[in-house]
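First chain A sits with chain B, and in the next complex the same chain sits with chain C.
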Partner chain A sequence: MKRTQSLRPRRLLLTLASPGVAVLLLFFALPLATVAWDALSDPGSFRRVFANPMFLRSLGGSAVLTLVAATASLVVGFCVALHLSRIGPRWRALLSFLIALPLTFSGLIVAYGFILAYGRAGLVTQLLGLLGVDPAWFAGILYSPQGLAFATSYYLIPRVVMLMLPVLVNFDRTQLAAAESLGATPREALLHVLLPQVRTTALTAFCLVAAVVFGAYGTALALVGTRLTILPLQLYSMVSESGSDFPAAAALALVLTGICSTVMAVGEVAAAYGERNGPRT
Partner chain B sequence: MSTPVIELRGVGFAYPGTAAAAVSGIDLAIAPGELVAVIGPSGCGKSTLLRLIAGFLEPQEGAVLLDGVDVTGVPARERNLGVVFQTYALFPHMAAWENVAYPLKVRGMVIGERRRRALAMLERVGLSALAERWPPELSGGQQQRVALARALVFSPHALLLDEPLSALDAALRIGMRDEIRRLQRDEGIATLHVTHDQEEALSIADRVVVMRAGRIEQIAPPRELYERPASRAVAAFVGHANLLDGTAAGPDSVDTPIGRLATMPHGLPPGIAVTILIRPERVRLGAPPDGVNGFAGSIVQDRFLGSVRRFDLSVAGGVLVAETAQPGDVRAVHVPAESVHIIPGNR
Partner chain C sequence: MAWITGVYLAYLFLPILLLIVGSFGDVWLNSMLPSGFTDRWYEAVYTDGSFQRAFWVSLRVCAATCVIDALIGLPLAYAIYGAASRGVRAAARILYLLPIAVPPIVLAFGFVLVFSSDTLPFLGSAGVLVGGHVVLTLPYLLQTLVGDMRHLRLAELETAAESLGAGPLRTLAEIVMPSLRHSLASGLIMVAALSIGEFQLSNLVAGFLTRPYPVVLLQAFYGATGFACAATVILLALALTASAAGALTAHRATGRHAQ
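Moving on, here comes the complex of A and B:
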């Protein structure tokens, strides 16, 4: 009797978990295992990836894109979240909804919009052209890793805001008033009091958006095709264009997955460390 | 007379988007070494007053002076005032000594010297053994001491305490208020202490400010405030009170719903409306020896409060609240004439 009772919840839990497990196995673990098998079945696949001169250039391009996009998104997202934390709950809810809207848009639509606005024949580019700015030079910025970094920030900033906002809303603002009464300037209060208490969340947010942008290719592909030298686009061209060295493509896919997972792991470790040690971190 | 450390001249302030002023027409001066407590019902403007002095708010009317210098519009960081907040507002990512040393850090003091001073200050509040602890590892009372040490370590012009004891339990609160008084006297620092606890205000303040609806109702030493309140509102707010509507009768008597009461000579013309204040502890048990102000009745409610009991005695024309340490039934009470306080007007 006792055993039957204890088994029931376990059976229920297994039943509830099974659809998720099935999806994970079929659409993540199995394809990943296939990719891994493909890469590892050819002993020279990784060597060919690392020997390819494109690899280092793409890695560098991805690193620049990731650093610029994640840093810019963190700075902008933090400022937005700080502002939202200071306003009333009603306005905060409305503005949070508006800020989250870009997450629902297709990257293709937004890339098309960027081209219409900032491309070589774009509205803003043409207007700047009237002021003497070279359209080719200006449009070239958008098609560089740095330019792409700002273009991708539109869907990274909301993620930063969503992560930072709860921490900033719950932050006891009296501490800033206390710091000011003790002689600190607003900048010192921010640096000495607020930032040390939110830096773990900020690092987690940075890692999350860095991992997302490092592996993303949709917006980049729509904007510049495969001309941009970043790892996801190199992988895309290896799979779709040349299509002759699938083991090397699989090896590159594993490298890309490994880098993204490592970045995410750093964020998770930081979050766990912050939770364990509280605001002292 | 020496220059007040803190002075408010006709200060008025209304929060944005509100029609009514949070405070208005505030005139107040705090002398060097004086402890002034501010009490009043919730929303009366007492915390706003403190925030105006601290520099967190800027008055729309009047001026704030520190040591005779007009600091209206000067940022909080330049006022050199020690503020202790209701929630303590300790920095949870800094050890106790680092919290205390923070004002010295922003003043550019080298780390060795600021640590030495912070530890010396913590010693003064009895916390030197806990200097390395993080705020979450300290009890409420210990956090309060750290907050006090932090507010005093940089030798501020004055100390502002915003309901600093409200988060502590009753027993700890009594100990801490004595500690605050001791430190304040030792430092000789002018202090404004905002509290909702009348007993706390009466027990430690040199003078007490009673606020109501954004205005000061009365400023007086604790005993005067308790025994000779200036208005019915103050009498009702401070301590327990029998408040009766009445009219002046003779030169030393008043008419009330419970009958004519003999008073000390009051000098009011007959027929003028007055409020009669009789403190419950001034009501004596038994019939009056001289036959003056005696009332017979029966107890309708009896409350045991530990050291005393407070009971409601139903008498002809009303109810008298009285306090006594004696147990047993009560059939008669009397009120000595000197215990009947007359407040002109009945509002």
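Moving on, here comes the complex of A and C:
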């Protein structure tokens, strides 16, 4: 795509950019570089992180949380976006607005709402109790990594819907009709015609929400407290407790950043690759 | 597929409805729904000294974040748009991804290390808190602004204005700023909503007197149900206001583009 070149000389652009760049350097690059310096200048910091038995348990908890939350969010978000792409534009605009609401919510709002709905004395817990479901067992799920996945999907599903919706709205549905007239069942048509065209966007959405949930601790802290073993909460405990091992905390912070960035990068590379080679939708 | 959307909407609104019901309920102990109607919880939050202070801290931090974002974001977005080089575009793309690629807890830890040092002993000050909110929200504003500049083909508009004899300042005042006012407004509303709700960085960076609303709210979760609900609903109302304002601005902006 060719674009008209700007009239502005290079020096003017640099001057315009400099205040913003200065703020980003002071409040972003400097803190991050300090974390890296703290971790790398102490040769034993990474070894102490990996030797801590908490680390593997937290990594496992984070992996379960991330896989469950990202997969569930992708499946639900895709189905909702598919439904929205098939209804009239007015309804679609209204439902999109409602579905996007959680994107501006603080992680705390929903934590307390979920306790009211699914906690030990929650409405849903008690309704299920009438059907014979043990309330203590049901409420216990909410405070496990799987339960946290159920709660954090609240913020992730809207992101998936917003990414998938444009692709699905622009998808030419006569292709499905053509496949079906050639003898494919509706299911086969979806699987072999629609899915290949949207899978790059789906992978990008999966990576994005996986990176978000892997690095977040707000909802988890409000819902369960620091007892839950996931990496961001382990880091939070190490940072907020006085007299703890800061170089090891810095090493853990680098590990966390590395995993989130890698997951994001996979999604970005997939998106760039899809834009160049994949079928445009 | 319609039933999935239905179940999803129930999942979306059940927690919100329960928070609102709970905030007006007089007593809610181990029953399905609260009994009695009262507004005493809102009054209790309203008269609570630490909530009052937190509310004003949040509004002030939010206002400062919006002003600084606009002042540094507009020129930076213009520079990103104007620099046609691939390197700048790649750097901007990475900048947009940073809030997710670098978890807020890691940035917060970096703040603790940098601003509790002897050279920069500012941890707990409102300035550092605002700085944190600015870097967390700036990428969203930049993405909105640069996207709109590309969409409007701003460079062509500028060329047209200058070929008709307008100087750079006049072009800026009469072409660039008016064209961008909708995307600036919707971007800043997003910034305001994110800043008001921000918890993960503020929780570690704020000082005792500069704790914003969400950080104080967490303490309320350990108290009476009605009080916690009312305190949460206030934050919810702020977020909903921002969302509605953002949707209206976007609606007006699309109306403008269609003309």
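One rule holds in what follows: the second predicted complex is superposed on the first by the 261 of 281 C-alpha atoms of A that agree within 3 Å, B and C clash if a C-alpha of one lies under 4 Å from a C-alpha of the other, contacts with A are read in each partner's own complex, and residues count from 1 in each chain.
Rule of thumb we're sticking to: contacts are C-beta pairs under 8 Å (C-beta built on N, C-alpha and C of every residue); 3 or more make two chains touch, one makes a residue touch a chain.
Keep in mind it's a predicted model, so treat the numbers as computed, not measured.
J.: Have a look at where A:72 lands relative to chain B and chain C in the superposition and call it first, second, both or neither.
T.: A:72 contacts neither chain B nor chain C.
J.: Using the superposition described at the top, determine whether chain B or chain C touches more residues of chain A.
T.: If we count touched residues of chain A for both partners, the winner is C.
J.: Taking the superposition as given, does A:180 touch the first partner, chain B, the second, chain C, both, or neither?
T.: First partner only, chain B.
J.: Looking at the overlay, does A:149 come into contact with chain B only (first), chain C only (second), both, or neither?
T.: Touch partners of A:149: none, neither chain B nor chain C.
J.: Now for A:193: first (chain B), second (chain C), both, or neither, which partner does it touch?
T.: So A:193 only meets chain B here.
J.: For A:113, using the defined touch cut-off, is the partner it touches chain B, chain C, both, or neither? Pick first, second, both or neither.
T.: Touch partner of A:113: chain C, not chain B.
J.: After the superposition on A, what does A:172 contact: first (chain B), second (chain C), both or neither?
T.: In the superposed model, A:172 contacts chain B only, not chain C.
J.: Which holds for A:160: it touches chain B only (first), chain C only (second), both, or neither?
T.: Neither chain B nor chain C is touched by A:160.
J.: Across the complex, what residues on chain C touch chain A?
T.: Listed in rising order, the residues are 1-2, 4-5, 8-9, 11-12, 14-16, 18-19, 22, 29-33, 68, 71-73, 75-76, 78-84, 93, 95, 97-98, 100-114, 131-132, 134-135, 138, 150, 153, 155-156, 158-159, 162, 190, 193-194, 196-200, 203-204, 214, 217-218, 221, 225, 228-229, 232, 235-236, 239-240, 242-243, 246-247.
J.: Any idea which chain B residues touch chain A in the complex?
T.: My answer: residues 54-56, 75-77, 79-83, 85, 87, 89-93, 102-103, 105-107, 134, 136, 150-151, 154.
J.: How about chain A: which of its residues touch chain B in the complex?
T.: So the residues of chain A touching chain B come out as 172, 174-175, 177-185, 188, 192-193, 196-197, 278-281.
J.: Could you please specify the touching residues of chain A with respect to chain C in the complex?
T.: Interface residues on chain A, with respect to chain C: 3-8, 10, 13-14, 16-17, 19-21, 23-24, 26-28, 30-32, 34-35, 38, 76, 79-80, 82-84, 86, 95, 97-102, 104-117, 121, 123-124, 126-127, 154, 157, 208, 211-212, 214-218, 221-222, 232, 235-236, 239-240, 246, 249-250, 253, 256-257, 260-261, 264-265, 268.
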